[in-house]
Each structure stands twice: as C-alpha cells, then as structure tokens.
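There are two complexes below, and they share chain A, which is joined by chain B in the first and by chain C in the second.
Up next is the complex of A and B:
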C-alpha cells in the first residue's frame, strides 16, 4: 500500500466514527468501543500515511471534493507528515484512553461525544494536509467549532458554557487574522493554492502585514500570552481525553500554521519579526509557568503549563527567524529543529499528563489538588506514569523534554553572537536567564502537582477511597511514558526525521545536527557544541551510585514502619503542606507580577482551646492581562452597545422613519444636490 | 391623464389628514379605481391587450378584495381611530405637499423635459407619501393603507415609464400585494385580540 491509500483509509475510519453522532444516547456500551476503535484505527492510518510519506517522498493528489474555489489539492509534504505523525500518536493514545475514560459519560448525548471526537481528529488532519486556502479555512473552522462543542459538552455547568463562549470568541478573532493573512497572499499570487504563494513577491509593507496577521491569528490558537485567556478556561472543562487532544495536539496545528507561513510562504524577513516573537515567547514562558504554579486545579495547572510550552516553541521560532534573516542557516536549522522536537515532545507528555489528571479525576471526582493526596498508594501505576510526565515537562534528563529544551537553550546561547548591537546582545542573554527561570519554576510547579496530589496522606474522603483506573486507560499512558523515555535516550530517530523535514526549506540547514559520534547531538560551525546522551546517563548513574554508596557508608539502612512522630498527637492530613502553602514563597518573590490578594478569616470562637482559633485563608492572584487588556475592551464594547441600543428603540414608526430618511437622502444625493 | 394624476395626488393628500379608519379605506378604494382608470387609459393609448387584463386584475384585487378585507377588519375595530398620530393632520398635510414639491424637483432635475413628467412626479410622490403614512401613523390599518398607497405609486411609475410591464411581472406584483395585505389583516386582527388595540406603539413591548 502507498501513502494515498492510507490517507483515504484514515478518512473512511474517521468518517465512519463520526457517524456515531446519530446514535444519540443509545447503545452507549457498543458505541464506545466501535467509535473510539474507529478513531484509533484512523490514527493508526494517519501514522502509517506519515511514515510512507517519509519513506517515499511528498504526496500530492486532488481531493475528490469540489468547491466553488477551484481544484482542491491535498499536499502532504514532509512538514505536514511530521505533524500528521504527531496527531496520529496523540490521537491514538487519546482514542484508546477514551474507551475507558468516557464510560462516565454513558447515556445522554454519548453518541454525540464519540462522533465529534472523530470529526475533531479528522478536521485536524485536514488542516494539516490541505493545500488550498478555502479548504484550509473550512477545516480550521470545523476544528474550532467541533472543539467548542466538546468543551461545552457538559453544558449543564454554567462555568463550562462561559469557558466555551470565551473560547469561541477568541478563536474567531484569531481566524479573522488568519483569513486576512491568507487573502493577502492569495491576491498577490492570484491563486488559492499554497504552492503558488511566494512571500518574496510581496511589497515589504504587505509582507509585514501578512506576518503580523499570521502571528496573531495562529498565536491565538496556540494560546500565547496575551491571547491565551481562553486556553486555561477551555482546556480544563472538556472531558479529559478531549483536554489531552486539545492541549497536546490541537494547539500544535497553530505551530504548523506558523511553520507553513514563516518557513514556506514568507521566508527570511526583517530582524524585528524574530524579535517580536521572542518577546511574546518569553512573556508566555515566564507568566505561563508562574500562573501554572499558582493554580490548585490540576487540569488548569496543566493548561497554563501548555501556555509555557508554547512559549518555549515560540522561542525556537523567534530565534530561528532571527538566524534566517541574519543568514545563519546552521543556527536557524538548530532553532527550528528545537521547535519541531518540542512540539512533538509536548504532544506526548502533555497528553500523558492530562490523561493522568483524568485518571485522578475519574477515581476521586475532584481536580482540586488541596483535596487530593496519598494517591500513590491507591493508584500506583497512574502515579508512576504521571511522575514520568512531570519529570519530562520539568526537562529532566534523560527524558525527551530535556532534549528539546536543551536544543532551545543552545539556540538562545548562539543568539547573542548573531545579533548586532549591545541592547540586542543583552536582550539575548536575558532570554537565556529567563528560560532558565522558566525551567526552574516548571520543576517547582510539577513537584507541587505530583507531591501534593500523590504523596503524603489523603486530604479528603474522596482521595482516601480512590482506586486504580482500568487497564485500558493505563495502557496509553504507559505507551506515552515509554515514548517519553525513548525520545529522550534515543533522539537520533527524531532528529533525522526533523532534518529531512527542514531540508525542504531554504534559509536553514539542519543536516549537521547529528554528529558521527555515537548517540549524540552535535553541530559543526564556529561554536561546536554537543550533547552526548550516554555521557548524560552515565553522569546521572554515577550520581545515583555515589548517593547510594554514601548512604551505605554512613549508616546502615533500616526500615521502620510507623506514623510520623508529631509530638505525641496523631498526625492528620491537616498538618500537611498544602498546595497553596507550597507555592507561597514564589508568590512572595513574584509579588509585583502576581499581586496576590489575601484574605484571612479568623474564627474567634474557641472550638478547641488547645489551638485557640480556626483559620480560613484564601488567596487570589491578579491576572495582569485580564485587567490591563480584556477588561477595558469589554467595557468599551458594552458602552458602544448601550449607545447603539438607543438607535434600536423598538418603535415601528422610528424604523420606517430611518427607511424614509435614507430613501429621501439617496434620492436627493442622486439628483446631485 | 392629467386629471387622473391630480385626483391621485388629491387622494394621497386627503389620506394624510383623515383619522377615521373607515373613511380612509373608502379613499383608498377611490385611489385604486383611479389607478385602474389610468391602466385602462394606458391600454387605450398603446393598444396593448394585456393592459386590459392588468386593469381587470387591479379592479379585482385592489378595488375588490383588499378593500373588502379592510372593511371587514375595520368593522371589528369599531372603537379604533387614528387618535394620536406622530405628525398631526396639518403637519402631515404640509409634509405631503413638500414631498410633492420634492418629487417634481427630482424629476425636473434628473429627467428634464420628459413627456410623462406629471405622471412620474405623481408616482414618486405617492411612494413617498405612502412611506410617510406608515411612518407617522400608529394604527395598523393606516399603515396598511400607506403600504398600498406606495404600491399604487410604484404601479403608476411602471405604467408611465414603460407603458406597462410584462404581464408575468404584473401578475407577480399583484400576488405579492394580495398576500401581504392578507397577512397584514390577519396580524391586525391578532393584534386586536392580544393587546385589545391596534395601536402599533404597543409593539415596543416586544423589545427585550
């Protein structure tokens, strides 16, 4: 079979799965396995299609769909194939996981959920593979609307509807910009086919406008700050397998769009393009991870961490574009490799983490970390997989998050050499420091997420009664965890793949990333550097060995089982470190950014005279951009609407009066006053 | 033709003054008959056979069915009259006169020396006065009458510019008017049932 066959097969599977919307709430048990099975098969076909494209070269064929905009072509070049692979892997895991997870939703509207799940996957594949403006925009809209419906699936809860509404508004604002960017290119090229688009034919101003439109449009979908407000609201309220898909896979379609525009259509541009991207990127990184660290809702914490990771990818994109405009193909290749590698890694570990959070949610029915605790004893497998995901996202070697963040760091280290001017060089160095800070805060964030949720004593009855989830949910998590390790200890495969993807584009060169040395990443040029995986693992092992050796040397290990000694009283879960307490020091350090508002309620009535009083402590942080950007916009729109309302008075006579006035005016105007 | 034009303008002017619904419908009936006569005259002048068919249809629909329906609904609305129009009788009379002046100015300006100058100006005036009626009257029946006045103006425009439209188009127009009036009469009746009045300013309550 060839790639085209797999492509059509994928289409058939997803389409058949999508038909399950017609079942409504009937036959939930069968629909679950059939629809999600079809989705899994479709994802497998997607993966195979991508693999065949990688082996046999780019694919191009007319789609048997006729639109009134000319012939529609599907074009799966290597870049598209790479993102197909990403969708396939994330989608496959989510589909299998859904078979177990979605059992909670049996009954009313269940068929709708499974069907939309398939359509969602199909729309993402279409976004990546079509090579025609109209088709792209349609697929993009379908993707947005289907994900909106999935976010709003439990519409009985008012919070969900609100989140979904914010999502649909923001995503459409982004779509406006994307369409503008496409139309400017279309007008210049005289064709709606992607292959005719050529940024160098545009005037400098038009190119800048296209760049800004594409960046804002796709940036909204990616969830970069300050256009991120929908992401932390929408991702947590969707069912967890959908969250995994949205956070892990859907926001990568935006990264794909940026790659397509910046690498394919526009090519190397002025330096300020890269500079702008870098500024937004570092903002997303630092603020994203800070908000994540402050969050006590497990899924919202993961959503904010997605903002941070998008920031890391944007750092790669920004530095890549600066290198391209400075004529440094090798460094540009390094940066873009970091972007693609991190995109893939993020899809893997963020899906894994959302699935872990979903497992916790299913067995405890709460997302609030303050009410969890001690889950490692009740749910050992979930805990291990979540731990792998948490270590990966904190960029610990030898896991895959480390590799891509290391690549990003290398790109940033080279950045000050490429740019000219003291201020620019300094800014480049500040970026490195801030990315370092981001990494440290991310580590703290996931220590909090894992430590408070899985360790110590259960903080509520629900956490105490938690049970391990079914194997069908554990299996995809295990697969993704293995992938995390595999992509970390053996980055060669992925690096080779990315080099072949990037070979298609001019202005960069990623061929030398892989050195001849065994298991290492190295690049030639003036500043040769490298990362040797065996060496890294060796150092790690030596460290562990030393630690173990020292502990054996200075005292014989003995195991004594018993309660922790707490001055004679029985330890309770109230004595434990809380999630809010854990993030307290950081809240204090970043006081000026987060502007926490604390409220302490003291109950003076002595319920227990040994302790004297009861404390209720609440803390809320201020989201700078909500206050600075979105509130004023909201207020302006409301004021304008109120003004417009006076025109719309509801009086029939007044409306006719408008018509009459316009008629008379037009007549007089026409007669030439 | 000139006499007809004057009579048509006269009916329109009178319509802007009356407040009794029954009288208004009677004037409308007279106006429609004038239009029919104009149609017959156009047929006589041009020798087009289909003009006579159009004239018959005009009589049937505009002088027959529509006034019949309006008389019926007016009988139910015994107490209703245009008590408190937005523009009082004198003001709307002056406004109508100004609209006629404007129509003449418009025609002279756009089509200087056109043959059917008076007929064209009259038809534009009828359209504008009809619009003015809809705009300044609160009673639903008066608004229907305004609509038919507009329609009569348009019909006259068609007659005077082209010496008659193709029959198919005229049939379509007649059907439109008929359906519109039937729907409006039904709505007026429902308005009376629901709000105990046909004063359309009660419709303001519909706005949220």
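Up next is the complex of A and C:
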C-alpha cells in the first residue's frame, strides 16, 4: 500500500464515523463503539499515512471535489506529515478514551456528539493536508464550527453557551485575518494553489501585512495572549475527550499554519517580525502560567497552561525567524526543531493531562481541586499517569518536556550571538530568565494541581467516594504516559524526524544536533552545549542504588504507623493546606499583575469546635487584558449599536426614504454632477 | 568512562558534604561565642538516623515513600555533573540538566510535604515553591554571565572560561549575584533558617517535618550535598582564582578545598550578622541579585 491509499481509507473511516449524527439515542451503546472505533481506525490510518509519507516522500493528488475554485490538490509534504502524525497520535488516544468517557452523555444527542467528533478529526486532517486556499478556508471553518458545536454540547448550562459564543466570535475574528493573508498572497501569485505562493514576489509592505495577518489569525486559534480569552473558557466546558483534542491537537493546527506561512510562503523577513513574536511569546508564557497557577478549576488550569505552552513554541518560532533573517541557518534549524518538538510533546502530555482531569471529573463530578484530595488511593492508575504528565510539563528530566524546553533554552541562548547592540543582547538574557521563571511557575502550578487533588485526605464526600475509571479510559492514558517517557529518554528519533521535515525549507539547516555520538544530542554549530540522556539516566540509576543501599545499611527498613503531627489534635481534611493557600505567596508577589480581590466573611454563629466561628475566604484575580482590551471594545460596540438604533427606528416609510436618498445620491454621483 | 568518573566525583562530594555543614556550624558557633558541635557531628546524626525505624502517617501514599530516594538521587546526579576534574570531557554536563535535576528533587519534596495533610507541611511546601519561583530566574541570569562569555551552557566549558580570564568588574557583580542565590537556594538566613522548628518561619524544615528515621537521614544528607554543590559552583564559576590550570591537579584540588572552606566560613559570618528576612521581603533581595547579574552582563 502507499500513502494515498491510507489517506483515502482515513477519509472513509472518518466519514463513516461522521454518519452517526443520523442515529438517535436508543442505540447509544452501539454508536459509541462503532463511531469511536471508526475514529480510532481513521487515526491509525492517519498515522500510517504520515509514516508512509516519511518513507516514500511527499504525496500530491487532486481532491475529487468539483467546486468552482479550480482543481484543488491535497499535498502531504513532510511538514504536513509531521502534523498528521501529531493528530493521529492525539486523536487515537482521544478516540479510545471517548469509548469510556462519553458514556456519561448517552441520550438523544449522543449520535450527534460522536458524529461531530469524527468530523472534527477529519476537518483537522484536511486543514493540514489541503494545498488550496478555498479548500483550506472551508476545512478551517468546518473545524471551527464543529468544535464550537462540541463546546456548546451541553447548551443547557448558560456558562457553556457563553463560552461557546466567545469562542465562535474570537475564532472568526482570527479567520478574517487568515483569509486576508491568503487573499494577499493569492492576488500576488495569481493562483490559489499553495505551491505558487512566493513571499519574495511581494512588496515589503505587503509582506509585512501578510505576516501580521497570519500571525494574528493563527495566533487567535493558538490562544496566544492577548487573543487567548476564548481558550480558558471554551476548553474546560467541552466534554473532556473533546478538551483533550482541542488543547492537545487543534491549537497545533495554528502552529502548523504559522510554520506554513513563515517557513514556506514568506521566508526570512525583517528582524522585527521575530522580535514581535518573542514579545508576545514571553507575555503568553508568564501570564499564561501565572493564571494557571491561580486557577482552582482543574480543566481551566490546564487550559491556561496551554496558553503558556503556546508561548514556549512561539519563543522558538520568534528566535527561528530572527536567525533566518540574520542568515544563521544552523541556529534557525535548532529553533524550529524546538518548536516542532514542543508541539508534539505538548500534544502528548496535554492530552494526557486533560484525560486525567476527565477521569477525575467522571469519578467525582467536580473540577474544583479544593474539593478533591486523596485520589491517589482511590484512583491509583489515574494518579500515576497524571503525575507523569505533571512532571513532564514541569520539564523534569528525563521526560519529554525537558528535551523541548532544553532546545528552546539553547535557541534563546544563541540569540545574543545573532543580534547586535547591548540592549538586544540583554533582552535575550532576560528572555531566558523569564523562561526560567515560567518553568518554576509551571512546576509550582502542577505541584499544586497534583498535590492538592491527589494527595492527603479527601476534602469532600465526592472525593471520598471516588472510584478508579474503566480500563478503556486508562489504556490511552497509559499509552501517552509511555510516550512521554520514550520521547524523553530517546530524543534522537524525534529529532531525526524533525530534521528531515525541516530539510525542505530554505534559510535553515537542521540535523546539526545529531552529529555527535549516538548517545547524545549536542549542538555543534556554535559549541553551545549538549545533552546525554543515557548518561543522565545511568547516573540517576547509580544514585538510586546508593540511596536504596544506604537505607538498607542497617537491615531492611521498617515503618510504624503514626498519625500526622498536628499538635495533638486529630487531623481532619480541614487542616490541610488549600490550593488557594498554596498559591497565596506567589499571588501576593505578583499582585500588581494579578490584582487579587480578597473577601473574608466571618460567620458569627458558633459553628466550629476549634476556631469558634465559620470563616469563608474568597479571592478573585483580575485579568488585565479583559479589562484593558476587551471591555472597551465591548463598550464601543454597544455604544455603536445604540447609535444605530436611533437611525433604525422601525418605520417602513423611513426605510423607503433612506433607499430613495441613496438612489438619488448614486444617480447624481454617476452622472458626474 | 565519563559516567564512572562522574559517579566517583559524586561519591567523593557525598562523603565530604556533611563535613562542610560541620564547618559552617562550627564557625557560626565560634562567632556566637559558643563551642558548637564537633565537625563530624552530621555524620553521627545521619548514621544514627540510617539505623532507625521510621514513623509514617496513615494518610501518606507512595509519593511520600519514594521522595527521599528521588531527592537524594537528584542531588547526587547534580553533584556528578559539577565541572571539578577539568579533564576536558563532559560534553553533556549541561547547565540546564543540572538546574532541572535540582528542580526535580524539589518537585517531589514539595509533593511529599502535601502528602501527609498537615498544615505545616503545606506551609513549607508553598513557601518552597514561592522561593523557587523567585530564585530560578536569577539563578539562570547569574549563571548566564559566565555562560555568555564561554558561548556555551556546558558547565565544563564555563569553568574553563572562568579559569582563563582575569579579574574584571563583571565578575564582581556576578559573584555577588550568585552569592545571594546561593543563600536562598541552600535555605540559609536571611531567606530560611536551617536551625529552627518554629512554625511561622521554617521552610525546608516544615517540608520534612513528617519524615523520620532512614528517609530523614537521606534527606539530611542530600540537603548537605546540595549546599556543597552550590558552594562549589560558586567557587568554580565565580571565584576561579588562583588558577593552576588543569596541569597541576593537586594544587588545583587544594585551592578548591581552601576556597570551599572560606566560602563556608563566609556563610557563617553572613548568617551571624544578618537577621532572617520577612518572607515577603525576599523578592526584593532576589531582585537585587537579578540586577547585579544584569550589571555583570552589561559590563562585559
């Protein structure tokens, strides 16, 4: 078989799965396994298609569609194949997980959900593979609308409807910019086919406009700050297997779009392109992770952490663009490798974490970590998988998050060598320090998420009665957790793949990382530094042996049970540190950014045996960009609407009068006075 | 080969670490007109703890049980990556691996502090994460002052560059910046007080409050090792003089030992002449370190 066969098979599977929208709720049980099974098969075919493209080279064939835009081709080059692989892996895990998780939603609309799930996957594959403006825009719109419908699946809850509304508005604002960018390129190339696009044929101004439009358009979908507001609203309210797909996979289509535009269409540009991207990137990193740390809703915490991770990818993109414009192909190759590696890693671990959060949600029916606790005993497997995800997102070696974070650090470290001027060099250093700050905040955030939700005593009856989820939900989490470890201990494989992807593009030269020994990745281009995971693991193993040996020095260790020390009081779950308390010191230090509003309510009635009265403490943080950007825009729109209302009085005679007036004006204008 | 040299180096440092703690304690006691414990006191303490059974709360999970091993291993691996032998190898002794190994140890220690469900543990853990958030960026900045000059994040390359250079103002600022970071990261006054069990001031001690017996012994030892690692890093990267080159290993070794003792004594002096800072003054202290690093970078 060849890649194109797998491509069509994928199409057939997803399409057949999509047909389940026509089936009602009586057959929910069957629909579940058939539709999600088809989705899983489709994802398998996607993975195989990508693998065949990697082995046999790029794939190109006309799509059998007759639309009035000329011949539309699908072109799966290595970049597209890389993202196909990402969609396939994330989608496969989500499809299997959905078989267990989506049982919650059995009912009249269940067929709709499973069908849309398939269409969603199909639309993402189409976005990556089509090579024609009209087809791309159609696929992009289908992806946006289907995900909107999935976000709004439980439309009975007003919060969901509102989140979905914000999402659809923001995503369409982004689409406007994307279409503009495409149209400018189309006009210059005289064709809608991607292969004819050539940024160097454009004037400098047009090129800048195309760049800005693409950056804003795809940045909205990616969720970079300040265009992120939809992401933390929409991702948490979608069913968890959908959240995993949206956060893990869908926002990577935006990264794909940026790669396509910046690497393929536009090529090296002026330095300020990279500078702008870096500024937005570091803002997304730091603010994203700060908001994540302050959040106590498990799924919204993960959504904000996606904003942060998009920021890390943008750091790679920004430095890559600067290196390209300065003519440093080796360093550019390193930067773009970091981007692709982190994109793949994020797809793996964010899907894993969302699935873990979904398992917790299904088992306890709450996302509020203040009401969880002690789940490590009730849900031991979920806890292990969530811990792997938390450790890898905090970039602990030797897991995969560390590798891509290391690559990004190296890219930023080389930045001062390419730019000139003390201020620019210092700015490069500050970027590294801020990335370090992001890493530390991410560690704090996931210590909090795991520590409060899974450790110590249960804080509510719901957490007390939690049970481990079914094997069909645990299996995909296990697979992703294994992938996290594999991509960490053996980064060479993924880097080889990425360097073959990047070999297609001019202005950068990847693969330099691999020229050292088999057991290491080292950037020889500028003698910057190297990483040897086998060596690190070897030393860690020796360390573990010594530690275990030491504790067996005087015979095997024995332990006695004794209650936690609480000054003699019998410990209860109320004495435990809360999530709000845990993040308290950091909230206080960053108060100028977060502007927390505290409220303490003291209940005078004697309700608590030890403290005399009941206290409740509430804290809410202020989101800077909501206040500074979105509120004014909202207000302006409302004011404009009110003004329009006075013109639009609802009287038919008045409207006819308007038409008359306009007609007369046009006639006069045409007659040329 | 590299791995074994690294492992041997880690073992030597492990054996030496409690002695450095002893030096600091002795110097501090002398400055306070006390006689203080004998230099080898921590060895006795650790050996005693390693022979004891431990008590653990019924609330805890396996996280609590594996944390001492992870914390110990992470510190030991970080010690293996220090650029001491200067044999010219060690392409993989990367700065970031080093920093993130220490971060991994901290990640699990904070998790285990939450595991027992006591307010003291949570308070210690919360503050530890708070301090680490402040320390991590300035630690990176301070290290970058050397890394930028050597054009590499490899610790060996950085130490080699530092040795070949003559004294400059930049070094002065960078050394100041790293000294502050070292105080915070190894949990000493004015950021944390290693001698107290007073609930409202402790950070590290609060986190390990639930540990006893063998696990506590491992944690004590790892904490001592971590402190030695930071002192050595300070000596190797920021005070590389007098340098005897890689040729005369013996002289180089003696010079390193002497400098480590001097830094240990200076830590004791710093602890004696300052007070513990209020927790929310620490950000300013760290900002000072960051500023010094930026000055050092600009002065190059």
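In this section, the second predicted complex is superposed on the first by the 632 of 673 C-alpha atoms of A that agree within 3 Å, B and C clash if a C-alpha of one lies under 4 Å from a C-alpha of the other, contacts with A are read in each partner's own complex, and residues count from 1 in each chain.
By definition in this document, a residue touches a chain if its C-beta (ideal position, glycine included) is under 8 Å from a C-beta of that chain, and two chains touch if they have at least 3 such contacts.
All values derive from a computational prediction rather than experimental measurement.
Participant: Could you say whether A:37 touches chain B, chain C, both of them, or neither, answering first, second, both or neither?
Facilitator: It touches nothing on chain B or chain C.
Participant: Just checking: does A:664 make contact with chain B only, chain C only, both, or neither of them? Give me first, second, both or neither.
Facilitator: So A:664 only meets chain B here.
Participant: Any idea whether chain B or chain C touches more of chain A?
Facilitator: Between chain B and chain C, C touches the greater number of residues in chain A.
Participant: Please indicate which partner A:270 is in contact with in the superposed arrangement: first for chain B, second for chain C, both, or neither.
Facilitator: A:270 contacts neither chain B nor chain C.
Participant: Who does A:651 touch here: chain B (first), chain C (second), both, or neither?
Facilitator: first
Participant: Which residues of chain B touch chain A once you look at their complex with the stated criterion?
Facilitator: 86, 102, 105-106, 109-110, 124, 128, 131-132, 134-138, 143, 200-201, 203-204, 206-207
Participant: Help me check something: in the complex, which residues belonging to chain C touch chain A?
Facilitator: Chain C residues touching chain A: 2-3, 6-7, 10-11, 14, 50-51, 53-59, 61-63, 68-69, 72-74, 76-77, 80-81, 91-92, 94-97, 99-101, 103-104, 106-107, 110-111, 114-123, 125-127, 129-130, 132-141, 144, 147-148, 151-154, 157, 209-210, 213-215, 217-218, 221, 279-280, 283, 290, 294, 297-298.
Participant: Report the residues of chain A in contact with chain C in the complex, numbered from low to high.
Facilitator: Within the complex, chain A touches chain C at residues 373-374, 376-377, 383, 387, 391, 394-397, 402, 405-406, 409-410, 413, 416-417, 422, 425-426, 429-430, 432-434, 436-437, 439-441, 443-444, 447-448, 450-452, 455-457, 516, 520, 522, 526-532, 535-536, 538-540, 542-544, 546-548, 550-551, 553-554, 557-566, 571, 573, 575-577, 581-586, 588-589.
Participant: Sort out for me which residues of chain A touch chain B in the complex.
Facilitator: 648-653, 656-657, 659-660, 663-664, 667-668, 670-672
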